[in-house]
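As structure tokens, here come the structures.
Heads up, the next two complexes both have chain A, just with different partners, chain B and then chain C.
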Partner chain A sequence: QLEEEKDEDSFDMEVAVTNPEKIGKEYFFLTIFELMNRTFSVWRRFSDFLGLYEKLSVKHSLNGCIIPPPPEKSVVGMTKVKVGKDDSSSADFVERRRAALERYLQRVVCHPSLLQDPDVREFLERDELPRAVGTHTLSGAGFLKMINRASDAVSKMTIKISDSDAWFDNKLQEVESEELQLRKLHAVVDSLVNHRKELCGNTAVFAKSMAMLGNSEDNTALSRALSQLAEVEDKMETLHQEQAASDFFILAELLADYIRLLGAVRGCFEQRMKTWQRWQEAQSTLQKKREVEAKLLWANKPDKLQQAKEEITEWEGKVTQYERDFDRISVTVRKEFLRFEKQKSKDFKSQIVKYLESLLQSQQRHVKFWEAFLPEAKAIA
Partner chain B sequence: KLCKQYFPVDILSKILSINVDLQTDATLQVDISDALSERDKVKFTVHTKSTLPNFKQNEFSVVRQHEEFIWLHDSFVENEEYAGYIIPPAPPRPDFDASREKLQKLGEGEGSMTKEEFTKMKQELEAEYLAIFKKTVAMHEVFLCRVAAHPVLRKDMNFHVFLEYNQDLSVRGKNKREKMEDFFKNVVKSADGVLVAGVKDVDDFFEHEKTFLLEYHNRVKDASSKSDRMIRSHKNAADDINRIASTLYTLGTQDSTDVCKFFLKVSELFEKTRKIEARVAADEDLKLADLLKYYLRESQAAKDLLYRRGRALVDYENANKALDKARAKNKDVLQAETSQQVCCQKFEKISESAKQELIDFKTRRVAAFRKNLVELAELELKHAKGNLQLLQSCVGVLKGDT
Partner chain C sequence: MMEEAREGSLSVSAQTIRVTEAVRDGDALTFIVISQKLSGSGEYHVARTHEDFQWLQQCLFSQEVVPGILGVIFPPLPAKPQLNAPAKVLKQLGFLAMGEDWRMYCMALETYLQQVAAHTTLSKNKCLENFLTSSEPPGRQRVRKGIFNRLSQAMEGMRKEGHKDVDDFFQTERDNNLTLTGCSKSATERFIDVVLTEQKLAVACGHFSTALHLCVEQEEDSAVLAFSNGSVPMIKNYRPLHALICVKLSEVIDSIKRNFESVAENNLSTLGLGLDLESRCQEAEKEMLYRRTCKLVELETASRNAERAKPVKKAAMDELKVAAEKEFDHVSGVAKQEIARFHSTHVELLRQALILWCEKQLETARDTSFRYSQHLQAFKGLGE
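Let's look at the complex of A and B:
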């Protein structure tokens, strides 16, 4: 078994995607990138990010690289932005997109091979990018659909290549099982976000109702206490709102990202299978050509024999080439997978701790609010 | 399937903290010592301790069902002698429908979930059922305690029969004709209510009370329904956290890597925090929602008292007019005088006791709110601190590991 690769000299590049600004009908984001004391900042559109993904996947997915999928397009969200709706939900949407683009870009620059890619450098450094075309069709979701269809076809052939392949088999199964659990988890977190938002709304309404009751109450001290209770509930509403935001931006988005990433990982494994298939098919073609040659020898047809010999040489070359390709992609996929696992572990730990810390802060304020209210309640006489 | 469940309910009155400052003197103490939940009814064991001479024994118990409580309540309402009192509101009907439905759905869906999930959910639904059950018993007990504490109502004949007669009282459910009569009675009452409410009272105290109660009742109603909705959202969120804990557990058991161990720790944390969240929702229900619901019913009973007084006033005024007419025509004067006297006495009697009742109502209300709001704040604090401690220790451990 291959041991975990030692940490390559990763510079821990940092990128930021900030300052969403609406110019015309679309938003531009300020993309800031720091390298060796030089800061590059350029304005990029959402479609620029998609264009980058397209270029990278065309070049690298065949090598077995795990290409980070870009954020999904959202028709509803985009329409609101274009129509110029300036409410909190479209502000939420822009923030969601900004954060997702930042995470996407962060993953790209953390990838040692991708960082070398000239398209990535151009994306980070060039002042103005030509508008990417054809990104309507090839969003992250579209690419994933292609992967899924391909993987259906491949998995229909049960393949047991060799002993070392057990590693790939196991890992693929783990990935599929994990993806399933993450989808489940994401659905529940989504439900939590919705219920918290509901709680938020219901608390606000209740607070108003309590305030009204306090106004009606003719015992002065009780009336005052009820108003104070209404204020506490108002503060609770704020807490719930912030909590729902944490639930969403920290937890739900993390899960959504990794569901897409696991899809990309599956894509790599499938790519390796395709490479193997191609090698196998070449071998069987070579075999057929050799049979043809043998028959021709027997039938004594010298001119056709020459052609047959040339074809054999051609296919021998291909077989060698494809075997080399397969070995190479196997190495890459293995390396990529281990790097991915490390990154995933880091990501989950840091994000979940961040989420727990947000819960912690919320509870601290909880305590403060109720501590302030208790003497008011005791003062009722 | 719900089989007979037998729950000892000795600390019930602590659950529903409505009966504040109710004198429990030796002459008459009432409580619900046991309760039995059958398929579609609840049987309450009403236990009485009394030194009053009209009871055959000093201590005795009978079994009563909800309909019998309603019969007793209605008998108070229909009794003209008690027109000047706030009749303690009848306890709400035991309603396990929602809980039963959930248990049934769970049973149907047993095949589609893991054994652990099923057991977990079953335990929770059973706990929910138990909570509803405890509440209904407490509500029935509070009603009886309020009656026993009332200086006049505690002497009521029907009440004594209710407490002592150890056979079924045979108060069958109202038949169709009676239900129709009830319906019309209520229509007349509300029309009356509007009429009476419109008449400005000479007495400042009652005028103020009328204005106050009308507004207060509506606002309590609003607050009650809004509090219910808020608490339900809270429960839903706690349920979600429960499922998150389960899924994280599954993820954590797939392997023994670093990140899997991490998931297991977080899963354990969420298991604990969601228990606290569920308790917060339950305590809010008990201290806030139930308080509001109770005062919704009590304020209605107080309004009913005002309507009765209002009607007595109208009767009195009509009797006055009739007397003037009789004097003018010099016909049936004695009859009119007698009738006017009766109305006057009735009105004054009601006014006198109503005033005291309304003052008592205020005192009770303030005390109950104080008790519950203080307890609510203390519980919220306790739970928030509990949550905080759990989170702090978990985050400390997780950060130390990485």
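Let's look at the complex of A and C:
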């Protein structure tokens, strides 16, 4: 039963979502994708992305597929970070949304089954998409609520499927505890971002006070040095600002994405449980039908007997079907989970590398600022 | 320098004075003061409390026999620390309350003593000799309050502070000093805010690092080690790789934490201390200028009285006027010298603080940069 994992990265499509523009009365994002060295682009609304999720969810979640969750609709989702002004015109908000849409779409096209889906194809190829309806329930908190309700219902039935199901049990437990850990990490990173923003503010105010001190100073060289110091501090403030953005856009959003993805993974496992249940219930219904047939045989009612036999055949068919469904979904969930784990490690590693690169770059600029200031300080006489 | 200690001159070398530590004894702090004998034959070790320092300061203030003593800019003594209220202490002492084991505070006391010992007039005071060399704590007897009755000065302060000067040099100096006092105090306070936030960031990084460690379960630690040695195949189980990522990331966060701690420490011990001292010295100059202004007011009053005096009192009033004039001239003379000295030491003080600050921050920045690039290389190679 241990399958070898095939390498399914046959083509890697790269997508990019760029800044929104107003076309007519609505905002559209230019969505660019590159495949086999050719570049295509289409204009899509935020609600188009949500609509895509809805369609995929309806079709594929019953198979045990991990459907990437849609981007957050509101600014205040899981985060307490004040992302600039809380209105949609703020640059931070726009960037956050743009980046989230890009990551979402990238995950969709990386999924080998989803990439084949006609709705995905349509999303990528069609010039204009009709407005999606009923997407308001689907993003952010609404999505999470949906997942949590489903999992509550399932956990209330304490089902032990079989011993060979230990793998699924283990993995579900791992997923649940990992989700908790990521939530904790997210809260910690949140506070880190807030402190960095505080440092920005303090640095800017300090820079101003040093500039004033420099202006009041008689000694020319000292005055000059103090003004230079004020400039250095201003530059530091910019660096802090950028680093806070980095903390947020790279780390915090990564964690937020995976918290939601783990929710989707849980959803798959629960879907499998439901499938098993349906099979079990069908078996018990079949059993009841057989008992009815036996009773009818005994009571000798030939007309009802025919109907009973038909129902038995029907339910035998269903039992077979449902068993096959359960086997199929088990295979899918297992495969999906392994793919998810592989992707997760890849994602975390690449995002952390990106974070480190920004950290390093920022730090190197710090070094340059200090190197430039030292001769100024030494020039004071 | 094999100089014999002369009557009225200090027997220790000013630059060698150190306040090496603060020993906490219940509710009081005792400071260890060490100084090298000028004769080169050893050193003095004494233990002093803040009350002893205050006694010294009072002694210096009470030197009425020295003409023009009012024109001296007295080195500022840091306020007594309130031991049991950390929040209040921070507000009261700013940078001097930060740093471990009262290190910053000790340095401020050290600077105070060095400044007193380096001052041509103040260093001759026997109280200083006593303070630095006597194994017994200096007499705690109450020193005459003398001319520095601060309370009454404060009451009249408002009226006299703005009193117009007769000398352009002094008027300019007073105006500049007023601005500088305000600016340096403000800069010091803003810098404290910066340092406090940096310390908060270090703590937040600590939490982050801890949270990452909690993500790695115990049984995975050995798996992590095996994985990082390349001995576990990674096809079916990504948990070891994921755990390794968590561990490595926490190392990165630890480096970030260490960077913030160093940056805050550097800020504190160089520029922070420098700004604090600058701010207190500007205040000291302000007090001197104020005392001179008060003398000016006295003189102007005496002159008016002499002018308006009836023939009976005229001679007496004239005498008073002459005395006031003489005193005022002395004070102004001393003040001018003090101001010149103050200007050059203040520039030198800030220069040293700025250079030291820059050098330390540069070193820390380079260290951190190196560490980050190591982390980056390690991460790029993970799981390959």
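Keep this in mind: the second predicted complex is superposed on the first by the 352 of 381 C-alpha atoms of A that agree within 3 Å, B and C clash if a C-alpha of one lies under 4 Å from a C-alpha of the other, contacts with A are read in each partner's own complex, and residues count from 1 in each chain.
The working rule: a contact is a pair of C-beta atoms (placed from the backbone, for glycine too) under 8 Å apart; a residue touches a chain by one contact, two chains touch by 3 or more.
Everything numeric here is computed off the predicted structure, so don't read it as measured data.
After superposition on chain A, the partners chain B and chain C are seen to clash. Shared-chain residue A:L338: touches chain C; no touch with chain B. Residues common to the contacts of chain A with chain B and with chain C across the two structures: 174, 178, 181, 184-185, 188-189, 191-192, 195-196, 198-199, 202-203, 205-206, 209-210, 212-213, 216-219, 222, 225-226, 229, 344-345, 348-349, 352-353, 356-357, 359-360, 363-364, 366-367, 370-371, 373-374, 377-378, 380-381. Partner chain C is touched in their complex by these residues of chain A: 2, 4-5, 174, 178, 181, 184-185, 188-189, 191-192, 195-196, 198-199, 202-203, 205-206, 208-210, 212-213, 216-219, 222, 225-226, 229, 338, 341-342, 344-345, 348-349, 352-353, 356-357, 359-360, 363-364, 366-367, 370-371, 373-374, 377-378, 380-381. Against chain A, in their complex, chain B makes its touches with residues 212, 215-216, 219-220, 222-223, 226-227, 229-230, 232-234, 236-237, 240-241, 243-244, 247-248, 250-251, 254-255, 257-259, 262-263, 266, 269, 273, 362, 365-366, 369-370, 373-374, 376-378, 380-381, 384-385, 387-388, 391-392, 394-395, 398-399, 402.
On the side of chain C, the complex with chain A involves touching residues 176, 179-180, 183-184, 186-187, 190-191, 193-194, 197-198, 200-201, 204-205, 207-208, 211-212, 214-215, 235-239, 241-242, 245, 249, 252, 256, 343, 347, 350-351, 354-355, 357-359, 361-362, 365-366, 368-369, 372-373, 375-376, 379-380, 382-383.
Note for the complex: chain A touches chain B at residues 174, 177-178, 181-182, 184-185, 188-189, 191-192, 195-196, 198-199, 202-203, 205-206, 209-210, 212-213, 215-219, 221-222, 225-226, 229, 344-345, 348-350, 352-353, 356-357, 359-360, 363-364, 366-367, 370-371, 373-374, 377-378, 380-381.
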